[in-house]
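Next come two complexes built around chain A: one with chain B, the other with chain C.
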Partner chain A sequence: MRFAGNTLLTLVLIFLIGPFVIICIAGLSGGETLAFPPQGLSLRWVQRVFEIESFRSAFWLSISLAIGSTLLALILGIPAAYALDRYNPPMAETIRNIVTAPIIVPGIIVGLALLRHLVVPLGIPITLALIIGHTALLVPYAVRVVSASLINLRTDVEEAAVMLGATRLQSFFKVVLPNIRSGILAAFIIGFITSFNQVPISLFLTGPGITTLPIGMMFYMEFNFDPSVAALSGLLAIMSLAIVMLAEKLLGLSRYV
Partner chain B sequence: MSDFLKLEKLTLNYGGPTPAVENLDFSMQASELVALLGPSGCGKTTTMRAIAGLMKPASGTIMLDNRDITRVPANKRGVGLVFQSYALFPHLSVFENVAFGLRLARVSSADIKRRVDAVLASVGLSHLADRQPRELSGGQQQRVALARSIVVEPKLLLLDEPLSNLDARLRLEMRSELSRLQDELGITMIYVTHDQAEALALADRIIVMREGRIEQSGTPEDIYERPVSIFVANFMGFENCFELTGGKLKGIAPAGFETGSAAGIAWRPHAVLLGQGAHKGTVVGASYLGQVVEYLLSTPLGDIKAEALASAPRHGMGEEIAFDLPQAGAVLLARR
Partner chain C sequence: MFANRRLGILLLAPATLFVLVGFIIPVLILLAGAFRTGDAWSFANYTAFFSQPLNREVFLRTFRLGLIVTAVSAVLGYGVAMAVVEAGPKSKGRLVALLVLPLMISPVARTYAWLVILGRTGFVNVALTSIGLTDAPLRILFTETAVFIGLIQLFFPLMVLPLISSLENMPRDVVPAARVLGASWFAVFFKVILPLTREGLVVGGTLVFVGSLTAYVTPAILGGSKVLMLETLLYQRVSVANDFASAAVIAVILIVMSILTNILLKRLASVRRRR
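And now, the complex of A and B:
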C-alpha cells in the first residue's frame, strides 16, 4: 500500500515537472532544430533569445500589459469584493456570478466578442484593446481572492476604527487594506501570471507590429523550428518561479493562500 | 443640573415588522455608570449602537452634553465603544492599537508616547506594548481594547458585554478593575450586559430592558429588592414567581396577607421556609451549591425552588416535605 502510494506520488511529480525539465533541456540544445534528447549542449539558443528583436519588444509589452491590467483589475476588483462582502447588496449572488463569468466563458469567445463588438466598431487601438481584454479577464480572480481574505476580517474591527475617530475611508485604508494585503498580493501574482501566459484573448486583440510574448512565440514557431522557443520557455518558467519565491520570502505567502 | 446623555422617544428599526427598540426615553448624569440589562434580543445592544452612531434611529433624538448628536457621524461623537469581541487591529502592535485614535487626531508623537504609556500602565500592560494582539490572552486583549478606548478621552464610554468572553475568575478581576478605572477617571459609562451579577456589582443605576422597552430603571438595590414585574423578578433571581388574579394566587389564597392589586408575587429560593408550613411538596431535584443545597419541589402551586443550609439534615429524592411561603420574604409585583 505504502509502495503503491509512493509510486503514484512519484508519477504525479514526474508528470508535473517532466515537461518543464524537457523544455529546459531542449532549450540548451546545441543542434539546429527543436528536439529531445538534444544534439549536444550549448547556451547558443539562450543567447539567441536575447537577439531576436520581436521577442524583446513582445516581452516588454507582455510585462507592462500584465502589470497594468493586474493593477487595473485590482482597482476595480477590491472595491467590488468589499461592497459584495460588507453591504450585501440586492442580487449579490447574481452579481457574484456575473463577475465570475469571464473565468467560465472560453477566452477565445471573449476575445472574438471583444474584437467584433468593441474593438472594431469603436476603432480602439491595439494596446488599449489588450488592456481592456486582460483586465476583464483578471477582475474575477481579483474579486475572488480578495473576497476570501475579506471574509476573515471581522466588520467590528472597522467599526472600532470609526469609534476611534476614523472616517469610513480612513478605516478602509488604515485597517482593511493592511489586513488583506496578503490576499491582494496573491491576487496580483495570479493576475500577473494569468495575463502573462494568456493566449486566446490576446490572439484576437494583437495586431501588426504589436504582439504579446506568447503570441509572438507561436508565430515564431510557425516559421522557425529552432530551440530558441524552448530556451525562452525555460527562462520564463524560471522568472515565474522567482516571482513566487520572492513573494513567499517577503510576505510568507503560503501562510495565506 | 441638566442631563449629560438624554434619549428621547428613540425608535430603532432593523426593517422587521416590529421595531427593535420603541419610544425609548432615558437620561443619565455625567460620571454615572448605567447598566443596560436584559436577555438577548431585548434591544440593549441596538440602543448602544444607536448611541455610538453605528445605527441610524428611525425617530427620536439623542442629546450628549447639551448637543444634539442624532445626525452626527459616529467618528465625530466623542463616544468610545469597547466591543464584545475586543475588535483589536490584527496588524498593529499593542502600542499602535492604543495609539490609533491619537494618531488620527494628529497628536504629536511625544504626547502619543506619553499618553499610551500612561494608559498601558494603568491597565497593567506596559510590558506587552510591543506584542501583536494574537499573542495575548483574552483578558489581556480586553485590557488593550479598554485602553484603546479610554486613551482618546471620550465623553461617554460604551461597553458591550465586555466580560462575557472571559472565564469566571478573570471576569471578577476585570470587573473590579473596571470599577477602579471608573472611580479614577470618572468616565461616564454605559455597560451593556445580560449578567445581573455584573450589573449589580458595577452600576450606579440599572436599566432593565425587555422587547425594546424599558421595563424598570433604578439603583441596584431597587432592582434587586423591589422588582416591579414578574419579568424583572425572574431576571433578578426570584425563582418562585406567581401570577395573581384579582389579588389571589391561583388555587390557594396567600395565607393571611394583603396583595392589593398586585399582578404577581415572588420569593427567592432562600426565602422559602422548609420543614414547616401549610404547603406540601415532593423533592424532585437537589443541587449542592457549597453553602446551601437547592431543592426543586414539585407542588400543587407548580415547581418551587428552595434553599436550605448544607449543614442541615438533607432531604432525599421523592421525600414529601412541608414548606411555607412567608410574607416576610415575599415581593409584590405590580406588572406581569
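And now, the complex of A and C:
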C-alpha cells in the first residue's frame, strides 16, 4: 500500500514538474525548429528572446501592469478589509460579496465587458482598461489575505495605542500596518504573479503595440516554430521559482495558498 | 469592533465603488445583452445559439472534459494526498512546495511545454518511433486527449491541496480502528475516509471543475480550432465574426455555472458543519 502510494506520488510529481525540465532543455536547443531531444545545445535562443522587440516591450508592460495593479488593489483592499473586520459596517455581507465578486467571473467575460461597455462608450485608453481589469481581479485577493492577517491581530493593541494618546490614523500606520506586514507582502506576491500570468482578462484589451507578455507569447507561437518561446518559458519558470523560494524564505508563502 | 460607522463606510467606499463601476456594471450590461434581440427582451439568442450543431458540440465537450478532469484529479488526488500525509511532517513541507510550484508558473509556459512533448517532432513521438512502436508520428496535439492532459496538469494541484488538509484534520486512529474491526481497504475508503474528507473533496472539485469550464489558455494552445471549448469559442465568435449575441450567451452560461457551483460548495460545506 505504502509502496503503491509513493510510486503514484513520484509519477504525479514527474507529470507536474517534468514538462518544465523538458521545456528548459528544449529552450537550450541549437537547432532551428522546436524539437525534443534538441539538436545540439546552445544559448542562442535564450539570447534571441532578449532581441525580439515585441517580447521586450510586452515584458515591460506586463511588469508595470502587475506592479501597478497589485499596488492599486492593495490601496483599495487594505482599508476595505480593515473596515470589514473592525467597523462592523452596514450590509457588511453584501459589500464583502461585491468586493470579492471578480474572483468568480471568468476573465474573458471581464475583458469583453470592459472593452464593450467601458472602453468603447467612454473612450478611455486601453492601457487604463487593462489596469482596471487586473486591479478588479486582484482586489478580492488583497481583501482576503489582509483580512486573514487582521483576524490574527488582537484589537486591544490598537485600543492601547489610542488610550496612550495616538490618533486612529497614527495607530493604524504605527501599530496595525507593521503587524500585518507579512500578510501584505504575501498579498503583493500573489497579486503580482496572478496579474503577470493573466491571459483571459487581457485577451480583448490588447491590440497592435499593446500586448502583455503571455499574450505576446501566444501570438508569436501561432506563426513561429523556433525554440525562442521555449527559452522564454524556461526563463519565466525560473523567475517564478525564484520568487516563490524568496517568498517561502521570507514568510512561508504556502500558509496563504 | 469600533463605534465610528461613518469612518467604516468611508474606508469601504473606494474598493466598493471601484469594483461596481469598473467591474460589476460592465459585466451586468454584457450579460443583459444575452437576453436582448433588437429592442425587445427574449430568449431568441439562446435558441439561435443552441440550434447550431457546432455550439451544442462545444457546450457538451466543455462539460464532458470538466467532469472527466475533475473525476480523474479526485482519484489521483486521494492517492497522492494520502502518500503526502503518510510521508511525515518533514518531507511533507517539501512535497507540498513541489505541488504548489506549478501553480506559480505562467499557464502559457506550462501549456507550451506540452507542445514540445506531444508535437509531431516531440518527445513522445520521437520515443515511440525510435523503439519502433509506430511508423508515422501520432497526432496527439489538437485532440481532446491533449486538452485533457494539459487541464489535468494545470488543475491537479488545486484538488490535492485541499485533500491534504482534510486528510490531516481527520482523526488519526479511525483508519487503523476500522481495519482492526475487519473492514477491507475498500470499505475503509468509502465508509471512513471519504465521508470525513468530503469538505476537501468538494472544495477541490469546485476549483478544478470551474477552472476547467472556464479555461482559455490550454484549449487555445493544445486544442486550437479543432477542439473548441466555451471560452475559445467565445473568443472566436467575437474576433472572427463580431458575433456579440453568441458571446453574451456563452458568458451567461459560464457565469451561471460558476456561481451555481460556488453556491453548491457553500451548501455542502455548511451541511457538514451543522452535523
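Things worth noting here:
Here is the rule we go by: the second predicted complex is superposed on the first by the 246 of 257 C-alpha atoms of A that agree within 3 Å, B and C clash if a C-alpha of one lies under 4 Å from a C-alpha of the other, contacts with A are read in each partner's own complex, and residues count from 1 in each chain.
Everything that follows uses one rule, which is that a residue touches a chain if its C-beta (ideal position, glycine included) is under 8 Å from a C-beta of that chain, and two chains touch if they have at least 3 such contacts.
Predicted, not measured: the structure shown is a model, and the values here were computed from it.
Superposition of the two complexes onto chain A shows chain B and chain C fitting side by side, with no clash.
Within the superposed three-chain model, A:Ala166 lies in touch with chain B and out of touch with chain C [touch as defined at top]. In the superposition on chain A, the chain among chain B and chain C reaching more residues of chain A is C.
Residue contacts after overlaying the shared chain place A:Arg154 against chain B, while chain C stays out of touching range. In the superposed pair of complexes, A:Ile243 makes contact with chain C only, with no contact to chain B. Legend: residue contacts after superposition of the two complexes on their common chain; A:Leu28 is shown touching neither chain B nor chain C.
In the superposed model, A:Ile132 lies in contact with chain C only, and not with chain B. When the shared chain is aligned, chain C comes close enough to touch A:Ile104, but chain B does not.
Legend: residue contacts after superposition of the two complexes on their common chain; A:Val175 is shown touching chain B, with no touch to chain C. Superposing the two structures on chain A brings chain B to within 7 Å of chain C, judged by their nearest Cα atoms. Common to the chain B-facing and chain C-facing surfaces of chain A is no residue whatsoever.
Those residues of chain A that touch chain B in the shared complex are 153-154, 156-157, 159-167, 170, 174-175, 178-179, 181.
Residues of chain A touching chain C in their complex: 1-2, 4-6, 8-9, 12-13, 15-17, 19-20, 22-23, 26, 33-37, 75-77, 79-80, 82-84, 86-90, 95, 98-99, 101-102, 104-110, 112-114, 116-118, 132-133, 135-136, 139, 143, 155, 168, 193, 196-197, 199-200, 203-204, 214, 217-218, 221, 229-230, 232-234, 236-237, 240-241, 243-244, 248, 254, 257.
Taken in their complex, chain C has these residues touching chain A: 1-2, 4-5, 7-9, 11-12, 14-16, 18-20, 22-27, 29-30, 76, 79-80, 82-84, 86-87, 93, 95-110, 112-117, 119, 121-123, 126, 152-153, 156-157, 161, 185, 214, 216-217, 220-221, 231, 234-235, 238, 244, 247, 251, 254-255, 258-259, 262. Within the complex formed with chain A, the residues of chain B that make contact are 52, 54, 73-76, 79-81, 83, 85, 87-91, 100-101, 104-105, 145, 148-149, 152.
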